[in-house]
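For reference, the structures are reproduced in the following blocks.
Both of the next two complexes hold subunit A, though its partner changes from subunit B to subunit C.
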Partner chain A sequence: MSEMFSNTSMLEMYIFETTQLIGQLENMMLEVEKKNSYDEGCVNEIFRLMHTIKGSSSMMLFNSIAHLAHSIEDLFYFIREQKPLTIDNSTLCDLVLEGIDFIKVELEKIKNGSEPDADADYLINRIKEFLLFIKGGTPNLKEIIRPEKNKKQQYYIAPDVKQETEEVNYFFANIKFQKGCEMENIRAYTVINNLKDISEELINFPEDIIEDEKAEYIRENGFDIYIKSKSSKEDILDLINKTIFLENLTFKEIEEKEAKEIFRKPEKIILEKEIKIPKLESTDEKAEEKQSTPNHVAQNVISVSVTKLDQLMDLVGEMVIAEAMVTQNPDLKDLELENFHKSARQLRKITNELQDIVMSIRMVPLSTTFLKMHRIVRDISKKQGKEVELQLIGEETEVDKNIIEHIGDPLMHLIRNAVDHGIEDGDIRETKGKNKAGKIILEAKNAGSDVLIIIKDDGKGLNRDKLIEKGLEKNLINKPIEELTDKEVYNLIFHPGFSTKENVTEFSGRGVGMDVVVKNLEAIGGSIHVDSIEDKGTTITLKIPLTLAIIDGMNVRVGEARYTIPLMNVRESFRPVKEQLISDPDGNEMIMLRGNCYPIYRLHEFYDVKTNIKNPMEGILVMVDQTEKSSCILVDELLGQQPVVVKALPNFIKNTKNIKGIGGCTLLGDGSISLILDVNGIEYGE
Partner chain B sequence: MKTVLVVDDAAFMRLSIKNMLQGTDYQVVAEAENGKEAIEKYLEHKPDIVTMDITMPVMTGIEAVRELVKKDPNAKVIMLSAMGQEQMVKDAILSGARSFIVKPFKQEILLKTFSQFI
Partner chain C sequence: MGKELLEDMEEFEEDTQKDKYLTFKVDEESYGIGIGIVTEIIGIQPITQVPELPEYIRGIINLRGKIIPVMDVRMRFKRPIREYSDRTCVIVIEVRDMSVGLIVDSVSDVLNIPEEEVVPPPEIQRNSNKYVNAIGKVGKSIVLLLDCNRLLKDEDYLMMKELENKEE
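Moving on to the complex of A and B:
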């Protein structure tokens, strides 16, 4: 990378923008493939996107990306100009998507600080071959070169040709450009164009210098200019010397007599001072305008690094705590402070608003993640020869940025599974009386402080018997089969190493994955549920929290220690009566409530905390929802409910000991530390 | 200090040019994402020099040059083109752009091109 761009913000901007453009491009290609037709707007847009990527990449000296983008751009230039009637759409899409993948991989390398070193030549050659191929099938090839505008003589005269009273000088110049600077004809034209500002008259040779055919001549011989000007020799020389890529300049003053000869000839046409203005572009450019207008409504958006947002979030969290520390300061207890409380209320209101705003900044719609799934579905279904339609619902639903990053992979896996294992082959579907094309619905919706993501396919569904058989084989079932609920059976698929598919395919079925999916989800406080009807389809529901940063918590006390239970897990809290308490044959404490039995976990025993309250009837039981069941946790007392800022446990604690059931920590209003319980971790080990 | 208006739909390119002009006698006074915006910004800031991308949404660079020159015949517009856009560059120049630069380019070329018009 050249030093000029060592500036990291440039690189960041490059990566950010290019990633975005690639994403747009990918979606557009998928849409095109689906519709199996190219409208003009689409082709224009693809052309433009590729063009921009090429420009930026070449500036960053990422040549393989630039060349690849260039070849795709060429391809679409041809399609745009030539509108070939028949294109092998599927090959075209494959090629472009392959190109997109290539660029994605390279971008990833750049992101990770390594050089994008892959060789795109093979792909570029294939694209070029394809271009040749479609060119072959299209008549009137020549039209690719846009029709020339009818050219006229290029003699320029300044508007006031009338009577020169001042002294005029005549000059001759021959200008040659450096080798390889390209577009010599246009360069020459601009030189002449600039000179005309200070010239009375100007003649150039070759004539019609902007014509493409002249480029070769100028490259070899340079071009001649005769100038009639009131300006001094120095001024003119100075201007010419500023010419870019100037290789060689011959410049001399010429005698008036000789000059008059030269300037006489064109006198007749000297009034052709009008520079012709080419006609407006053909309709396709207009189509581009219309097409892209809605996408490019001027928006005031800036991009902010996530680290900064994280810091901001952290600070706001600290502030929320500090605010509580001030307003609930023990020193203020029992004092009559009317004005103080008024200001404190104001402060609280503002901190709350601030917190809301910061939260909302971090919220990102799921659409980017969802849209990626189109590509996944396309790739697998194409490979497997299935027809699958993916429908997205509610992709505008927003979740925290951190969470989005965690659900991409699980989603991808689930979608893959749905296509690979769920949707049957077309013929089988037809015999079952279903549509030949399978359908997968990916839906997101808000549910309180959670977001539900539902993946629904209309495939063959889960087979209870098959699952049980497999479960027994793998020794995963430790209950009589008749007692297994459907849910328990379905949940078998989340066990590590469980796979019912006999044949492992490229995409799924290695039996790794489903358990990883669950783990990934649990890491962000989410959960997963399966529902299935055989031959009708499978529905998988992911429940994920909106945000990880702030949760509503129930603060409880056990002895001296404070704990916070996430409110979303709390079902109820109560003081038990003696009749409800029972114990099972193993001596485990249970509570009988409304006909159901729940285990009791004594937090003081669990964490070995000293407390005087050992009798459940003196303390409080908090019933919490765990993944599979509900349990009751015995605490000394409830301290109250408040939003808390979740902080990860410091690394030195995490590294030394893995404490079960602790999800993080937080600061309470009085400055003391409270441990946040991860209720799923609270159970007695085997 | 000479003022510059940078027109490009790619934020990356705008940033590149801005960086290149940092510490020189040129100052980027405004940026625009398309031709239409370019004209508005031009009339607002009256910059000494305009750098103009060709392929842009809403209104292309070529159309923008045409409009700009109509509004101000002295507008100094420099086209930024990429390889393979000869015809468009030509159209732009014939429409009144003063010069052009082919991407990728270095600071030196940018400054030298500017200096022709100051």
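Moving on to the complex of A and C:
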């Protein structure tokens, strides 16, 4: 109960929510950029998203994120209200995407438990400039001075505490703006808003500068501010000097007596109060919220923590076992129980269904991962001046949550490769008679208990000769070249340190990567396959299992102990005959099978388990595929194959010792525990 | 709900568990562990052996779908092995986010041993009282209060590892 109120879970919620919102926003921006136009719903939606991020960030005291979100919100507020016809779309998208990246980096920091300490001021100022630019329509963007990072934020946090001991000063300032900068009243408002943070009291003349008719007056006469502040003269001057389009500034310190005269007039005093914000905004915000409700599809999704799902799955697994214990109870043996069996069948049906549903809860569509790829394609293609279109197919395909976490990086890498290495420059494509814009298809589909993810580009394809040349250079080929199949040649790219790209770019070409991709995939029991036709394109197919939580296993027995060997590792099992068995002078046993020699590991010896079957000819040999070779494992007998739910070994055991060759454990139908073998760990050490 | 109230509740809970010890027997000695870390007590279950572990970790059991390791306290104290019987119990404790089952001869009682009745163990034995944190007096009998943290830390193994490192 207390957890619900603790800060950590709020933080978790914040991170979760903001990450989602940022993701949505990113996709929307990419959409907008592609269409090159803003419809009203879109602008409203962006405004709403930014508004939410701003709110929750400032609640969590992540000020830099909140300020950034605020400035972007301002920008879209203006766009929504004024509907300016000409907006430099690509600059706008760049700005917003940069903002998104900033927030992403900060979120990552928060997630890792460190302080989000980056300074967003530079970005905020650029956004503000851009806003001013589209407001004023002034073409000379370059002339705008980029203010240095100011320390305004510090005052924001504790304006009073900091300078409590310093004496109070009074100042007067008259500010005039450059001719033709437009919207003088808004600018004046900004100045006052900035000053407010470091001053005790502020009086400005004309009052209510936010009203449009005052702009004329300010344009002519400038506007006056009386400041009562504990900050030094320099600080205030500094702040005012940062005003954009500042033409003329009269600034002086005034005597206390004179000042008090001015400040005494109560109707002019603004005491730590908000300066009147444009009425439009507040009323509109409400209206906007009302508006957005119907657009919003009622929330049918709730987020549940994975721990709870794991618990649920444990319970359901237990229930399946309990059901078997009841219906196959030895006490019921030999009894005529027609009705009981009828009900038992019903129960089994329901439990099976329940199990399926619990499994399906863990399944998440690939779409979030796939949609992220849009951004990558956009960034790289923009930087390299290539035109690339990414098409997604079957992104609704579902896989286990754990697996999604593992394939994000490999997928990103493959897509980068496809854009960077695969797709040619536009003009080259044209001479080849292809469409100027390259095309990458990212497709997912189900195939039995696996999911296939296919990345297909219509680029230049892999060059067999170049690969062979490079392979020879790196000493990776140990066969006559004529005998190499295409597949073998293509597989060269998965070797560490292999890259045919001459130039290393920001995105790819360092030769690290493809081997990492393979490693990541192997970690989740997946595989990768390359196919390519020169000048037509490359197709990379990833084969990944649907879920990690359930694997098909072969249950075996050794003495009293039971082990489960993942079925994907099992090649075959057989009972050997005497002629096949060899042992070398050191006592290592081997078996000769179809002209190949495989080492034999006796599981009972390996784990020191008591058993009566010590002769391989009485037991069963299971041949398993290890990373680079195959071996045979001697067990007493096979118990059969079944899907098993993988559980990790308890932490206490993991902390005590890292057991070679055991990947986890699972519960069998009768409630007993079986250890799952990690076949790669089964080998004798030095 | 106010934070203060929650804190109060936690304090209250701690209060009710303070000075309470679950006592069990190994051979003739009575041992006690703080009730706060005890999750539940179950009868002996079929144990699945796990290779390569120290002998006193008997293996893992299936506790309603949750898999927990079990440690034989008898063997941990280097006492002679005795066959498990109906009286044999598994006390499931949770220390540092780890659930572990302790196999004991029999569980006796939950006793209230106030602080003033608890004395530190005498320093006479060499090393052998490393698991005993304190000694509690209950009437005429005494209860050896165990430090579960030390019970779970495999010092022999750590020592071996250290030796290995030195040799290298």
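What we mean here is this: the second predicted complex is superposed on the first by the 355 of 686 C-alpha atoms of A that agree within 3 Å, B and C clash if a C-alpha of one lies under 4 Å from a C-alpha of the other, contacts with A are read in each partner's own complex, and residues count from 1 in each chain.
What we mean here is this: a contact is a pair of C-beta atoms (placed from the backbone, for glycine too) under 8 Å apart; a residue touches a chain by one contact, two chains touch by 3 or more.
Because the structure is a prediction, the values reported are computed rather than measured.
In the superposition on chain A, A:G55 makes contact with subunit B only, while subunit C stays out of contact range. When the two complexes are overlaid on their common chain A, residue A:L467 makes contact with neither subunit B nor subunit C. Once the two structures are superposed, subunit B and subunit C can be ranked by residues of subunit A touched, with B on top. Touch criterion met: A:N193 reaches subunit B, while subunit C stays clear of it. Within the superposed three-chain model, A:G317 lies in touch with subunit C and out of touch with subunit B [touch as defined at top].
Looking at the shared chain after the overlay, A:A444 reaches neither subunit B nor subunit C.
Of the two partner chains placed by the overlay, neither subunit B nor subunit C lies in contact with A:L634. Look at A:I227: by the touch rule set out above, it reaches neither subunit B nor subunit C.
Touch criterion met: A:L667 reaches subunit C, while subunit B stays clear of it.
Note: residues 5 of subunit A belong to the subunit B contact set and to the subunit C contact set alike, using the contact criterion stated above.
The touching residues of subunit A, counted against subunit B in their complex, run 4-5, 7, 9-10, 13-14, 17-18, 47-48, 51-52, 54-56, 58-59, 61, 66, 70, 73-74, 77, 145-146, 149, 182-183, 185-186, 189-190, 193-194, 210, 212, 239, 242-244, 275-278, 280-281, 285, 288-289, 292-293, 295-296, 298. Note for the complex: subunit A touches subunit C at residues 1-2, 5, 314-315, 317-318, 321, 560-562, 606-609, 647, 649-653, 655-657, 659-660, 662, 665, 667, 671-675. Across the interface of their complex, subunit A is touched by residues 9-13, 15-16, 19-20, 33-34, 37, 53, 55-60, 62-63, 66, 80, 82-84, 86-87, 89-91, 93-96, 98-107, 109, 112-113, 115-117 of subunit B. Interface residues of subunit C facing subunit A in the complex, by the touch rule stated above, are 1, 3, 6, 10, 46, 48-54, 57, 60-62, 64-69, 97-100, 152, 154, 157.
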